[in-house]
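A short write-up of the structure that comes next.
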Amino acid sequence: MSQDTDEKEETLFEAPPIAEQERMCEAILFASAEPVTVKEMSARMPHGCDVVEALVHLRKRYEGRGVQVIKVGEAWAMRTAPDLGFLMQKETVETRKLSRAAIETLAIVAYHQPVTRAEIEEIRGVSVSRGTVDQLLEMEWIRFGRRKMTPGRPVTFVVTQSFLDHFGLESARDLPGLKELRSAGLLENRPPPGAMSPDDDSEDGGDTDQSDMFED
Amino acid sequence: MSQDTDEKEETLFEAPPIAEQERMCEAILFASAEPVTVKEMSARMPHGCDVVEALVHLRKRYEGRGVQVIKVGEAWAMRTAPDLGFLMQKETVETRKLSRAAIETLAIVAYHQPVTRAEIEEIRGVSVSRGTVDQLLEMEWIRFGRRKMTPGRPVTFVVTQSFLDHFGLESARDLPGLKELRSAGLLENRPPPGAMSPDDDSEDGGDTDQSDMFED
Amino acid sequence: MSEDLFEEDQTEPTRVADRMAAEALIVDVDGFEGPLDLLLTLSRTQKVDLRKVSVLQLAQQYLAFVERAKQLRIELAADYLVMAAWLAFLKSRLLLPPDPTEEGPSGEELAAHLAFQLERLQAMREQAATLMARDQLGRDFFARGIPEDVMRVKRVTYTATLLDLMQGYARIRTKDEFRPYIMDRDAVFTLEQALERMRPLIGFAATWTDIATYLPEGFTSDPARLRSATASTFAASLELVKEGKAEIRQEDTFAPIQVRRRDR
């Protein structure tokens, strides 16, 4: 497999054997507290390495160990096995207590992304305070997404890689209950009946945006 | 073995199997911000664990991997394998133009090789700094040639194969001569008083290559 | 696995929350995050699936709540009153037979939308709880404790083109007269040599002395040698002035250049 890649790329030197590539990925992931993207790993490893294949091998090797290789969005990381958390009291960082409003806002962004502030308010039934959004932005759990193509082109919010990393999610598609919520129609942005909003046509329930977003 | 320990210490619960103890040591070593002593590990792990044995197993497991289990004084730690240190660097290459002094020195070596430092200074009319020569040596564009059979037997400099490769020359004799330089407008059209330069003679006939060369 | 955990976790607090909500209805109006939150709490008292919630009953409960708040002289925020008005309208729509001449959505449609909103909010609350019950980084699982920094190595490579080389060479060759390549280094008196010669001597020059007197022996007869020696001796003099070891002057154009030591 890595042979093919070599031939395709016509590298001057042969890539190291896959076992060695695996060692390299191991060292890079091990050394970093932050997830490392495949792209960055490729850049640091010798030319012609098949990083993804090496990572798949590596993940397998760490299965059931005290440390695990996990995928976080486009990046990979090593993390201790969750069942051993009790050993780490010493390492536990006191996280800032999030308000109920912040937690709900975070969940809404995660499940409805990309979502505008107006949509969050619509779902929660109250206005979203600036502080709540700022706090989530500051924690780097949410970030600005693309602007919506609706009148006023409002900014949207999406969750970040740090969010995925923090909650041990491989991608936003792995959010628990996502499928059920979608099939129950609860992720739709249904306009109130009789509301003659001009964007009624273009706003096909946000469903298309949704699937878009979760493809990433 | 862990059985023995249990019995000796008369613990209420049995210690976890050694494989599990190994996982625990692995997670602790991975997540700790400092090397951890056996004593500290014992205190954090369930009662009756044989930390030393678990660590020996763990060290063995990581032998030859990208990560190693090492003993640091009385404490234990995990580190990336020393031979993979190069992966912990992110190299950025910045290309700069060679200084004027270096270009002139290089040109003199190319046209007059083998040439001594004193001769270079003679031609440039200024002293040649050590740094300039060192830089060219380091770039492997010049190298030491044979010593001159003159008093003091000074070392000489000649250009290297890398130099020829970089400038797309087959040999230093392919360098355009003064005549060509002049006709290319690179020299003032002032006839040289006295004899022809030694290079002028040898340098004819490279005409076809020449035009190529000036393309660069 | 974490979902199972969550299920277990979730059932208990919900019951507690129920009890607390019932009390909150009476004492703590401010505890609600707006009318929708209040409606959601009220709907729980119906103890049915949110999809089967009776919106009519809910509207009545809400209106009763607002009525009670008024009796207790509790100041209600405007949006609570707006919701009350809207629910009163909805209630009448639901109770009266539909008027075919009337425009707009039917009571059933409006009720269905409210039910949807409540269900959606409830779903998001549950998801928020599930999310927070997940294993979290820094709490349940951990990152590398001693991260190794990735060193950023900046490597500078130098480059030049053949044209640079040509131009460099041309520059040298046009700077001074072209002459065949011969070694005539003995006709050159370098700046370094001149400095070496002048340094020990300048200490004795208490009075102004023509720099010509510093010319080395054997460099005064041959014009080329004289030129080189004069130039370097002059340059060396300037160098010594710069170092603060000497002073230099010239009375007039083309007059002899004189130096003397500088006393501090």
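When the chains are written out, they are named A, B and C in that same order, and each has its own residue count from 1.
The rule is short, and it goes like this: a residue touches a chain if its C-beta (ideal position, glycine included) is under 8 Å from a C-beta of that chain, and two chains touch if they have at least 3 such contacts.
Predicted model only: the values in this text are computed from it and were never measured.
Distances from each chain's CA mean to the overall CA mean are smallest for chain C.
Ranked by separation of Cα centres from subunit C, the top chain is B. Averaging C-alpha coordinates per chain places the centre of subunit A 21 Å away from that of subunit C.
Averaged C-alpha coordinates give centres for subunit B and subunit C that are 31 Å from one another. With centres set at the average Cα position, the gap from subunit A to subunit B is 37 Å.
Each of the following residues of subunit A touches two or more other chains: 30-31, 44, 78, 80-81, 88, 91. The set of subunit C residues touching two or more other chains comprises 142-145, 148, 150. Taken together, the subunit A residues at the contact with subunit C in this complex read 30-34, 44, 77-82, 85, 88, 91-93, 95, 98, 100-101, 103-104, 106-108, 110-111, 123-126, 165-168, 175-177, 181, 184-186, 190, 192-194. On subunit C, the positions that touch subunit B within their shared complex are 142-146, 148-181, 183-185, 188, 190-192.
On the subunit B side of its complex with subunit A, the touching residues are 22-28, 30-33, 44-45, 64-67, 78, 80-81, 84, 87-90. Listed in rising order, the residues of subunit C touching subunit A in the complex are 2-3, 33-37, 79, 104-105, 109-110, 112-113, 116-117, 119-121, 123-128, 130-132, 134-145, 147-148, 150.
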